[in-house]
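All chains are identified by letter, namely A, B, C, D, E and F, in their written order; residue positions are counted from 1 within each chain.
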Amino acid sequence: MVAAANLTWQEFADRVERVVILPVGSFEQHGPHLPLGTDSVIATKLAERVGKELDALVLPTLAYGYRSAPYSGGGSTFPGTLDLRLNTLTVLIQDILTELVADGCTKVLILNAHYENTAAIMEAMYLVGERFPSQVSLVTTAWWDCVDAEVLSDVFDDGPFPGWELEHAALTETSLMMHLDPESVHEDALPGDEGFHAPNYIRIPLKPGDIPAHGGLASARGASAAKGQRIADAAVDGVAQLCRKEWGLDVGH
Amino acid sequence: MVAAANLTWQEFADRVERVVILPVGSFEQHGPHLPLGTDSVIATKLAERVGKELDALVLPTLAYGYRSAPYSGGGSTFPGTLDLRLNTLTVLIQDILTELVADGCTKVLILNAHYENTAAIMEAMYLVGERFPSQVSLVTTAWWDCVDAEVLSDVFDDGPFPGWELEHAALTETSLMMHLDPESVHEDALPGDEGFHAPNYIRIPLKPGDIPAHGGLASARGASAAKGQRIADAAVDGVAQLCRKEWGLDVGH
Amino acid sequence: MVAAANLTWQEFADRVERVVILPVGSFEQHGPHLPLGTDSVIATKLAERVGKELDALVLPTLAYGYRSAPYSGGGSTFPGTLDLRLNTLTVLIQDILTELVADGCTKVLILNAHYENTAAIMEAMYLVGERFPSQVSLVTTAWWDCVDAEVLSDVFDDGPFPGWELEHAALTETSLMMHLDPESVHEDALPGDEGFHAPNYIRIPLKPGDIPAHGGLASARGASAAKGQRIADAAVDGVAQLCRKEWGLDVGH
Amino acid sequence: MVAAANLTWQEFADRVERVVILPVGSFEQHGPHLPLGTDSVIATKLAERVGKELDALVLPTLAYGYRSAPYSGGGSTFPGTLDLRLNTLTVLIQDILTELVADGCTKVLILNAHYENTAAIMEAMYLVGERFPSQVSLVTTAWWDCVDAEVLSDVFDDGPFPGWELEHAALTETSLMMHLDPESVHEDALPGDEGFHAPNYIRIPLKPGDIPAHGGLASARGASAAKGQRIADAAVDGVAQLCRKEWGLDVGH
Amino acid sequence: MVAAANLTWQEFADRVERVVILPVGSFEQHGPHLPLGTDSVIATKLAERVGKELDALVLPTLAYGYRSAPYSGGGSTFPGTLDLRLNTLTVLIQDILTELVADGCTKVLILNAHYENTAAIMEAMYLVGERFPSQVSLVTTAWWDCVDAEVLSDVFDDGPFPGWELEHAALTETSLMMHLDPESVHEDALPGDEGFHAPNYIRIPLKPGDIPAHGGLASARGASAAKGQRIADAAVDGVAQLCRKEWGLDVGH
Amino acid sequence: MVAAANLTWQEFADRVERVVILPVGSFEQHGPHLPLGTDSVIATKLAERVGKELDALVLPTLAYGYRSAPYSGGGSTFPGTLDLRLNTLTVLIQDILTELVADGCTKVLILNAHYENTAAIMEAMYLVGERFPSQVSLVTTAWWDCVDAEVLSDVFDDGPFPGWELEHAALTETSLMMHLDPESVHEDALPGDEGFHAPNYIRIPLKPGDIPAHGGLASARGASAAKGQRIADAAVDGVAQLCRKEWGLDVGH
């Protein structure tokens, strides 16, 4: 793995045929026990591990993401959440992808760790793909899309998997943070199951009580560094695997 | 239910305290058996029925939606799919909501029938909600979010529910169209189960074979007008119910 | 005529060499006697008839148009008028045209029924024409531009033609609606001649009295379904004629 | 009349209660006999004369306008025409109006001399009027809207008035330039009547022969400085008159 | 020198191989002694002189510029300053450059006289250069970048040169205006040295006292028409020289 | 100093009255000896030290900046430089500032380490300041603006200071990196003085030889960690000092 920001331009120029990874996180409330930078930490650390597997270039993480949605992030009413507008994140990613194409990069992976970023990532990929239809191969995935059912079933050993949308500041993210950045986790503040069920609609403005007061959407109880490692390994392996398949890479086995 | 477009401006002015429904569809390939306007037909017809329940004003349907995504709509490579850019749909909805606020409307429901529209709808709601924080209550839902598990289990009587994303041009949409607009369905062309599984990533450009050649993502076999009616009834009831709850309405029981 | 929304994508793909018609209307006050959707009804119905003449594909009508101007639509102060910003309508049309080009369509007619839409339609055509200079032929006209002097003189048998700008919710539009959608016309509420003359300037903000209180700009008295049919026939014939000439079509004679 | 650009900021601050005039022109082909800056010259000179009548502040003329349209300006295929996009002119005017409001100006006249500018001027006025609903009175007119029928009939003493759209580089503009800026007129190159009739539709791309080769749309024969003076006097008087009426001014009689 | 606005389109078409100069000014407070149009006057007059040297086409000056910054123009708190937003000036210049390319012009000089315009000019040049990578040569400079140290040392014969940023409405601009447009200078109001030193940071909002009350940032004492001529000569010579070098011109020696 | 990303939302909410620092860097070629992330490293490390002085919250660094300019960064022709468009960086910063205001933060410092970012930072500050005129105090500076003449003269002990624009990848930045991130510096590749003098104009497209081939603009010879420490200390002290003055802080003395 190569931190692209640590290269000189000549070293970068010598490596443009490698996979380039753009991690995308957020600056968003993650309950009473996880830091605002949770998604960015996860995006960064997993990208670094995938990068190691693939000898890839890892770009600086986008540390601000698209607006937190009520039932996948708690919404924008929590202080500390610093949200971008949809078009802002779109043009930001569009510009970076455009510059990568101009520099001769041909294999770009956008690794997402914030659910709400998806639409902006897709739109940026479409816009760049339309402009350079045959010059670049763009791929996006999210770490949770690369964690298979077996792992999930092991991790949720004490209750059902609530679905990825509600897994905000909950068991999987908390475990990941215990593994990836343990000092940032307030283990004494892990929210339990409040039996929160997301309604089948979204309203603006939000009202008090729409979201559990602490900001978590599902239980984080039972989280552990070991589970975090299990998830991280699965995600890293899954992402690396799809890159190898997509680009016929012969590295890191 | 009142088709708002059929009112004179004075009749409209007399009804601004009612719920206003904006249906949002798409113009998108729906396999070999359903028309390009499928989502718009569903959005329109269900909105009309909800409107009837609630004595609501139903606005003209947005008949063009956000870009079709590969694994929830087949992507933009199929001729006939006419996609809007993300920001275009956002500002379109933003303008309509802004004008409704200016006209004195206070209860607006955006009823979505195209999966990919979600982000643009949310962004428009945020932008308008920020500008008029106390003048309007904005609500959005999708018909599938209002169909409960029991109905789903009845409808999928011959195989597992593949998840809403893959339910593109598949059992539920086909059944709905057989119920709502039977003449537009090519019953002899219903795609069966090709065992398509969406990969855990998206690539741009798409390549041949990424999507089943006919454009459907899951089986439509077993679709029927009766199932369509079941789904429509559940969706209409669910949407009407949430509006009654949200706005304390006392209509249509 | 083919309602494009009723086609499957394969049927659409088989017909891309045909003329494609995009009708553009508005959601705008039309006096005490005509519905808010008047322009969209007219755009839709005339497009369908032109489509029948030319075996053309007719797209879903754009049911929201550019801002109503004071002296051609009464302005935005009437409740019920739902106006788009200029750039919103521009990018909406631009996206649809761009997608038509991507799908292989080469002959596109934008049929306008709302005076104020003209600039946005033109700008969208320019933007798409610049991007695809040799791939598509784009044509726009409005129904009134295809009604000749003889018809006008017959229709205005009891007073002078006030000019197309003031013909908002007046004799021609009212007649057209009596012919095309008679149930939506409040015949007992037809405004007479208030002797309104548009001033030679426009002011923002508008003030009470700038526009006749009912929203019409000229007399609708004398309107009849027969006159509506005369106008519709002339417009349809005129539009079809120009398409035949422009694209060397050999259909519908 | 005060050329605002010649004032110091303190002198400007002392005069914010006066009418402020923003002339808007274009940089557009005007046939074989008139210069590219024709519209800007007319906008500037007439604004100066109106300014003199009203003791108004006259701002620097916007010398680049919205895209020339085929049948009111010849279109963008003539070298020398430097066109702005629709949104560019809109935001340019929007910014200037916003700044005038911020500076305390309350009476602003936008004097237009290029037909195609109308939509951008209106949109800018709407946007600023919505943001500052009670702080400023915005008015727009064009010189031709202030020339009455009697003047027209005198000026067109040798043939019918072809309508303002076709009066591009024709009798009225040529006469105005002979009066306002005689040295810039090539009197030996005045185009005669080619019997050009604008078709009832617009196509993109334009084709050879759509526009008379020299760029004029109607005859300029018979143009004279005397007629130009007649038109200029009428326009100036008309514009000044409407300002006096609009703002209750008691100046310049 | 040719004022491009005075040409017919055919004359323009015959001269597209010449250098085209776009002068960019501002409408900005310039202390108690200089007019709001100071930068535009300087841009225009110097461009005309450079144009004369090079037989170049001189376009109409952009008379409104990017926002005045506190420590190079006094900021936007002075009445009379009419500022454009950054993106507005960018797209305005982008459009003009794009049209010049479309017209076949290949050598374009953007001559800047307002410090804050730099970023918008550069961005516009980049955007146009990316779109037409081999069709046009774009050059920008500012008059002060072409005045060499020797001239500066002669001009500042009674005190040190305070740096170009602070030279707002100060010795050099005042001298230039005394030479170029003497009647617009209030010689009795020249601000002296208030010992103003720009802080090493900028704050928004500005507070009273951040800028000297009269709007000048450095002393204008000692300004003279003779010094203005010296500066103008140096600037014109410098600009003409770089154009000759850049484009291998063989004119005006 | 508090890394804001390490806080929970509640901890953030408890600290909104503190100074918030947004460091802004770039991803830009920095010669043969410094990494692409140089500006971001400097912005981050100095912000952390200022944050420590002031007990401030330090936000994640913006790691991508505005386009590299030829004579202050080498321009965009070097592989590895990943530039944002001007409006992209503007809206990115605008969104973050807007969210900070919404969260109740009142003292925001934008600390810049990439020369070309200045205009976008200013524009974002203006836009947010206009929207929230009395809710927030926004301040921006660059590290070099806080290094005084005495330090500069000590650091340039073997040759003249070439000016901040040319100090790209040169003596000061190299020294800073030797001090702040020594492992990333290729000390054997320090460029010497090529006698490069920036021309007095900028051309697009750039041509070979416009910039020294290695990407540095001035000599880095003589750089040392000790000088870097001197510069860092001065910058940190200067920035902290202006914050104390601006906001009347009583911390860190």
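Please note the rule applied: a residue touches a chain if its C-beta (ideal position, glycine included) is under 8 Å from a C-beta of that chain, and two chains touch if they have at least 3 such contacts.
Source: prediction; values computed, not measured.
Hopping across touching chains, the smallest step count from chain C to chain E is 2.
Same-residue interface: chain D and chain E share over half of the residue numbers found at their contact.
Rotation angle, chain B onto chain C, C-alpha superposition: 180 degrees, expressed as a multiple of 5. With chains reduced to the mean position of their C-alpha atoms, the one farthest from chain A is D. The greater number of contacting C-beta pairs, out of the two interfaces C-D and A-F, is seen for A-F. Mean C-alpha position of chain A lies 47 Å from that of chain C.
Mean C-alpha position of chain A lies 55 Å from that of chain D. Averaged Cα coordinates give chain A a centre that lies 27 Å from the centre of chain F. In chain F, the residues touching two or more other chains are 76, 85, 87.
By the touch criterion given at the top, residues 66-67, 69, 76, 85-87, 90, 116, 118-120, 122-123, 125-129, 133-134, 137-141, 145-146, 199-205, 238, 242, 246 of chain A touch chain B in their complex. Interface residues of chain A, counted against chain F in their complex, comprise 3-10, 12-13, 16, 27, 29-37, 40-41, 59-61, 63-64, 76, 78-85, 87-88, 91-92, 94-96, 99-100, 102-104, 184, 186, 189, 215.
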